[in-house]
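The letters A, B, C, D and E name the chains in turn, as written, and every chain counts its residues from 1.
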Amino acid sequence: MSGKIFVAHDALSGLLDDLSKKFKVWIPQMMDQASGHIAFGVYAPGKKPELTRRSRLSPKKILFPSMDTLFKFTYVKDPKDPVRYTIDLKESFDNGPTLVFGARPCDTRGFQTFDQVFLKGQYKDVYYERRRQNTLFATLVCQDSDTACFCSSVGSGPADMTGSDMAVIPIEGGYVIEGLTDAGRKLVETSGSAPSPEQAAAAEQMKRNTAALKIGEDDLTGYADDLTRRFTDMDFWREQVSPCITCGVCTWVCPTCYCFSITDEASGMSGERMRSWDSCMFYLYTLEARGHNPRPTKMERYRNRVGHKFSYFPKKYDGMVSCCGCGRCIRTCPVSIDIRKVVKELKETADDRA
Amino acid sequence: MSSKSDAKQEREIKIVGFLCNWCSYGGADTAGVCRFRQPTDLRIIRIPCTGRIDPLMIVKSLIQGADGVLVSGCHPNDCHYAVGNFYARRRMEVLKRFLPYMGFQSDRFRYTWVSASEGQIWQQVVTDFSETIHRLGPNPGLHQTVDSAPAVSWF
Amino acid sequence: MLKRVAYYPGCSCEGMAIEYDQSVRALCYVLGIELVGIPDWNCCGSTPSHSYDPLLGAALAGRNLAIARSQGLDVVMTPCPSCLKALKTANQVFRERPSEFLDVLGMPFSGDVRAISVLQLLYEEIGPNLIQKAVKFPFKNKKIVPYYGCLLTRPPAFAQFDDPENPVSMDRLIEAAGAAVPDFPHKTECCGAALGITQRDVVMRLTGRILDMARAVGADALAVACPLCQQNLDLRQDQVNRALKENFNLPVLYITQIIGCALGIDRKTLGIEKLAVKTDALFQSA
Amino acid sequence: MDDKTNALREHVKGIFSNLELVLGWEPGYDPLHTRPFYVRTESDIDRLTANCLSFQNLTRYLAKSMNAVDPAADGRKIGVCVKGCDSRSLVALIQEKFVSRDRVYVIGLPCRGTLDARRIRALVPDPARIRSVNAEGDELVVETDRGISRFALDRAIARKCLQCRYPNPVIHDVLIGDPVTPRLKIDAENPSVAAVEALSLEDRLLFWENQLDRCIRCFACRNACPLCVCQNHCIMETRMPKWITQYRNMNEKFMFHMIHALHLAGRCTECGECERVCPVGIPVALIKEKINAIIYEMLDYESGIDPEAVPPLLTFSPKETGI
Amino acid sequence: MRIGVFICQCGTNIAGTVDTRAVAKKAMEFPDVVFAVDYMYTCSEPGQKEIQDAISSHRLQGVVVAACSPRMHEPTFRRAVKKAGINPYMFEQANIREHCSWIGTDREANTRKAIDMVRMSVEKLRRNQALFSTQVAVNKRVLVIGGGVAGIQAALDCSDGGLEVVMVEREPSIGGKMAKLDKTFPTIDCSSCILGPKMVDVAQKENIRLYAYSEVEAISGYIGNFKVDIRKKATYVDWNACTGCGECTQKCPSKKAFDHFNEGLGATTAINIPFPQAIPKKARIDSDYCRYLTGGKCRVCEKICPVKAIRFDMKDEIVTEEVGAIIVASGYDLFDARVYGEYGGGRYPDVISAMQYERILSASGPYGGHIRRPSDGREPKEIVFISCVGSRDISVDRPYCSGICCMYIAKQAIMTRDHIPDSNCYVSYMDIRAPGKGYDEFIRRAQEEYGVKYIRGRVGRIYPRGDRLVVQGADTLLGVQVEIEADLVVLATGVECSAGARPLAEKLRISYDQHGFYMESHPKLRPVETNTAGVFLAGVCQGPKDIPASVGQGSAAASKVQALFSRDTIETDPQVAHVNENMCIGCGKCEQVCPFGAIRMKTLRDGSRKSEVLETVCQGCGLCNATCPNKAIQLRHSTDDQILAEINTLFD
């Protein structure tokens, strides 16, 4: 078989119904009509995927929940000597077969950053790893860029299928779904009937046309050293971030931000250790126990955010920028700070000076 | 409606009481000394003054699952700290009027003034409030997930 | 200031005390207060009804208030203190138990209609100052003493009007009408009330005492605000004279008549000629 | 707000030598966005804009980012552009002594309403390609790649603007533009609050749970609020005292918003920033609006009106009856 | 932390309705609890020993006792654990008696509740911190507010004990109500003969500083260190110069001034010395009547004064005194008889108050001790006394018994019969209350020896007949109506709180009951203390009482002050607010709400504002803690975390 199927618009729910029997299927869906809030949620019969509008929140939480229990613990007193106790530990995993349907290339590509951090190197993050292994991505070839999108600027594009197991290609009357990995192909082949040659051709055409689109004007890779040069130029950073309200929304919506903190929540004799999202834009993020804070103001914190994505990360991981160009940080920023402009100006003015 | 069904219908009612040390805690002592029979649902937390009450303590109790919250202090003008209960009165009244807007049953929260000598009044307050709470039944708590919710439109 | 009140005359003002009714209406007309009749009003129940069944008494009086309320009025004025007491009782009873009224009479009433006396209207709503300004024919060089009787100010928590033991409202109004008001210690002593029918000697003694004190302080006339007091003091004055071998000759006028005269309303309209003790001396300038 | 860019620039040019800096707005990354702008030099002035996209409440920066309490040594003031709602925040900050009145030069801008980007996107056929947006009186003109559309302004402005009672700055050193008639009377019922109250108690709970369940605890609402002055020391984040756990469940989300609302009781000036910045579209301001209504009804108090008034929960009256 | 839990059975008081053994067993499951036991009487000597032994054998770091109310035994147990080496604030008491075992008989429910209460205490204790008192020096001076007999006694006792005393008296002379009395019951002592020497003592003691005609304006500070602003009202006479010679009073042309001392019977001069025995014996100008101060002309006194002491330009002056303790003896007022319209008080000149009659009886009074009617100066023959005028009457909001009227009526009737043997005295009374030593005998003497006619029943009306007064009333023993034609009617007006009692209480931060009488700490066991440390009560300001009781309280308050001052320092309560400067945002809301001015703002070197608690001034109410938005200020021993832990543990 070709590893492709065609799903008509009206057959999409049927397909998702079938898939949801085998997988926990996540789809972008309308969460609140009044505010037009779209985010990824678990599919249940009756829910409609939103495939023509971008989601406000990324699918990051599917592999990296905002709050993740690592293990549960219980103190057990020694009845003979109640001063002594033992601790019962219980692992906590939640990682059944999962399918992310309808994420955009930028969304899926965001996990590349996670893979570098959590899977490569000496220590692997077992929680992330198990989820990653059990999750398939059916990624939409993206037709809906807006003024904040810049995936092409970070080495990607609206048809970039890096990290995807399947491509979902919108054509007249429905979608062609194409398996890209073995697992993807296997799933596709058991899920429907092949497209007609015309449909297959239309899909190929759509892929080509989309891949040719350039979303974002400038190339934002290769700024690693510019940042280093800019590091102590506090006037530059003040100019960039004076409107910033350090709310951290940019980090919360970002598909590549992976900062977390680990805390114990206990009551009485038992509790759990959990990992939850944290944000480098917060004062408390770097606050040290004694009270010193190496990043006391938003200038240092925002510099770190830009620096991490466009300088420190690429220096460590073969030039890979830890930004997928989804534009969410720009779109949701209450004060419209534009990371593209900041990165660009790292160089421009630095060049001027040189 | 998940947690609603989780809530054990038969579980013991628990009412959190915040009592100021000088008047109402003493009033509750007096009621005890006089052996005035009262329901056992109340769990008293001793605070120095109702002025110590941050309305958020009441909210926290309700969210945590308290079936009722009773705050009692010195009568206005009798505050050991002169004015603590005046502040508390305003803050608690704002809260009381606010709770139903967020969907809380405001009857689960009551504030009152009982002096150290008013053992009998304390008995009445506790009995009456406990009856109110028993009528309302256990606090179902917040729903942990919401499947369908009413929409409100303001445009 | 109240401009429009429901008017509940009560039974006396339809009969024995018709001059009270006339003078109230005339005075209110002149003072610009609209009296709105209560359609199909009924007896307040007086003493017998509540002695027999408190709910009956309250419901009878309450019905009048409920009708007034349905006319959009929230104040009912009555000249008769006894009716006033009945109306106030109705308010008190049904404020606490409005459902009972609905059960009995099938109409809603929650005890929210204020009941006041004509004296209260004159003193609290209009006020002596306004009246003084309106006076055209002051009672110069006349002494008039006020007699309040039992009910107008008592029991204090119930009446909520004036000082219970030493009321001064009528004093002030009489002063406004231009007359002198000597201190009158018996202003709230009992006149014997309805015992005039069953134990007339009691009334003779009590009323006689009041008249005696009025004469002792040099009064030219007495002012009253209660039909029953008026009856005992005025109509029975002759009986008192006979019983006590006295020769009291003290005119007893309603406060509304006194103010009415001072305002220049003609005496016939005020029903002065209906009084038993002749008033001629009072209107001769000294 | 109608476009007052030119008048604003002219005025700022005239007084700039007396000012340390001016807080204003400049165009953002696309025609639907605006960002706060610190005018630090003479040449910055021509970047200033003031129009229906001047969303941000700039008084937020006065207390949080700069020391606006003590008059500067050289006597130069901080200029700040305020809409009607923003001016109330400024008054509240002065009330609470976070800003000294002598330290600020207040440039007042009467305002017919600022846009709600979400509503505009729903209105125009090609929301991703908007070229320009302009308010002209009661009308909004939107130009996209596909042409020009005109709408009634009311269809595009924010919820808070539809129920605006203070469109004109309550405090200002200069007023740019003519005063605007308020949409609601001061004692008018808040229509959005009434809409929530029309629900049954059970439905209200479900309504809020549904809204607050989306909360991702990013704290944008808190950080945007000009009166959330605790900033880096908010009890939402501290572990001592521990009011909130790290759990991301309904209890904690609800508790967060109750903390936020009750900390603003008697202080919130209804600038609506919390709601505008919420990335998940929770009507956050609606919670505080109810508390404001309660306090208005109970204590006849509105925050951000009288710089001399004491916030009502920081004072008392022994004679209060009916409480 | 290692916590020990002790469940008291309190004999059967607790064990009767709570399974203490089960509670102790359950307590062992709670975090950090390493020892739990129930015991018969934990507060007893062996019970305390048990705790102390457990502390050493189990190396406990914190102790929970579940027993009676902490208001009862918290100090006991704190002392006990302290002796065993644990900080007294590492102790928590769960009240499973008053709040649990005594209020219900359902043993299971009570046991469940007791377990919860112990759990809450354990959770709180786990968050307790060792707290330490600081020592503050005691300023061994005492302020006495009020110069009546109670205040005088307190001041003299303190003075005798070597303390410096500051006395503030509102009136121009000390002496209070007692100075106005002619005689005292039941001994018929001459009032001024027994009070006079004490008043002189006050003037002569070198360690008593008297501020007469002065009032307390403001009080700040705390036990051991109060700061008192005193308003010295303008007398227009330089009291340092005035010798009290009285020349001015002879020549003053304004002779119609209201005579306060004589209760308005008769008149005095605008410049006057209130009474011959006044202390200080200094002249004062009544500005309401002075011709110069009201009309701008006269100045006779200024010319006549041999020492040139007149100061027409005198203004009120505020002086500040620092003291370590305060005795409040601010006295009382008498009920205003005009409230009863039927008695005609204020309308009929011969219906007078008992205090007026007291002045009439007094040899130094307006009539030189001859009993005369105010109206016509005639000697009355028929005199009616009416008791309970403004006492025991709900309708005038005086439901309480004034306690002294029955006795002073008897005294006045006896005196009347002494002065005018052919007079008739009638007493209309409700009940006779004569519970003191020799009191009932005294009443009997009035009735039997002096022939005073006691009529049980209320008077309904008083009205004039000719120049006499008709008193109409009832004799409820005989069941008849009574009518007496009297020459003089004396109304036994009751005691009510002083007009200035409530504002003064607010300055002192003490509480008062619904009638304005000051609240003592405990009605039985702490009758002269208040709940504000360092403030004590004496006399009628605390509640109606007679002279011996007032004097007794004066001495009692003085002895309390001396006990307090027997130490050079006092320990402050460490349960006060504390600022975490790292968190404080300097918003100043705590400073704004603090009722005690215990918080001030400071500026750190980096320019940031922080609040700071004056620990000795802080009373520990926690209002700042509740107000602080980010909880940077915490009330020690009642912190947010402690309270939240108590809440949370209930709903785990």
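The working rule: a residue touches a chain if its C-beta (ideal position, glycine included) is under 8 Å from a C-beta of that chain, and two chains touch if they have at least 3 such contacts.
Keep in mind that what you see is a predicted model, and the values were worked out from it rather than measured.
Novice: Using the contact definition given at the top, which chains are in touch with both chain B and chain C?
Specialist: In this structure, the chains that contact chain C and also chain B are E.
Novice: Where the centre means the average of the CA atoms, what chain is farthest from chain B?
Specialist: C
Novice: Select the chain whose centre, defined as the mean of its C-alpha atoms, is least distant from the mean of all protein C-alpha atoms.
Specialist: Ranked by how close its C-alpha centre lies to the overall one, first comes B.
Novice: Weigh A-B against D-E on C-beta contact pairs and write down the one with more.
Specialist: D-E
Novice: Based on the averaged CA atom positions, which chain is farthest from chain E?
Specialist: That would be chain A.
Novice: Roughly how many whole angstrom separate the Cα centroids of chain A and chain E?
Specialist: Roughly 71 Å, centre to centre.
Novice: Per the centroid of Cα atoms for each chain, what is the distance between chain B and chain E, given in Å?
Specialist: 34
Novice: What's the distance between the Cα centroids of chain B and chain D, rounded to whole Å?
Specialist: 34
Novice: Going by the touch rule set out above, which residues of chain D reach two or more other chains?
Specialist: Residues 210-211, 231, 238, 243, 283, 313, 315 of chain D touch two or more partner chains.
Novice: Which positions in chain E are in touch with at least two other chains?
Specialist: In chain E, the residues touching two or more other chains are 582, 593, 627, 640, 644, 648.
Novice: Would you please write down the residue numbers of chain C that are in contact with two or more other chains?
Specialist: Counting only residues that touch two or more other chains, chain C contributes none.
Novice: All pairs of touching chains?
Specialist: Result for touching pairs of chains: A-B, A-D, A-E, B-D, B-E, C-E, D-E.
Novice: Where on chain B is chain E touching in the complex?
Specialist: Where chain B meets chain E, its residues are 12, 14, 16, 21-22, 25-26, 28-29, 31-33, 35-40, 42-49, 51-54, 57, 60-61, 64-66, 74, 77-84, 87-88, 91, 117.
Novice: Where on chain B is chain D touching in the complex?
Specialist: Against chain D, chain B makes touches at 55-56, 59-60, 63-64, 76-77, 83, 86-87, 89-91, 93-95, 97-98, 100-105, 141-146, 148-150, 152-155.
Novice: For chain C, which residues count as touching chain E in their complex?
Specialist: 156-157, 163-167, 183, 185-186, 188-189, 213, 216
Novice: Sort out for me which residues of chain D touch chain A in the complex.
Specialist: Those in contact with chain A are residues 28-30, 33-38, 56, 60-61, 64-65, 118, 121-122, 127-129, 210-211, 214, 216-220, 222-224, 231-232, 237-239, 245-248, 273, 276-283.
Novice: Would you tell me which residues of chain A are touching chain D in their complex?
Specialist: 31-32, 34-37, 39, 56-57, 66-67, 144-148, 242-243, 245-249, 252-253, 261, 263, 265, 274, 276, 279, 282-284, 330, 332, 334-338, 340-341
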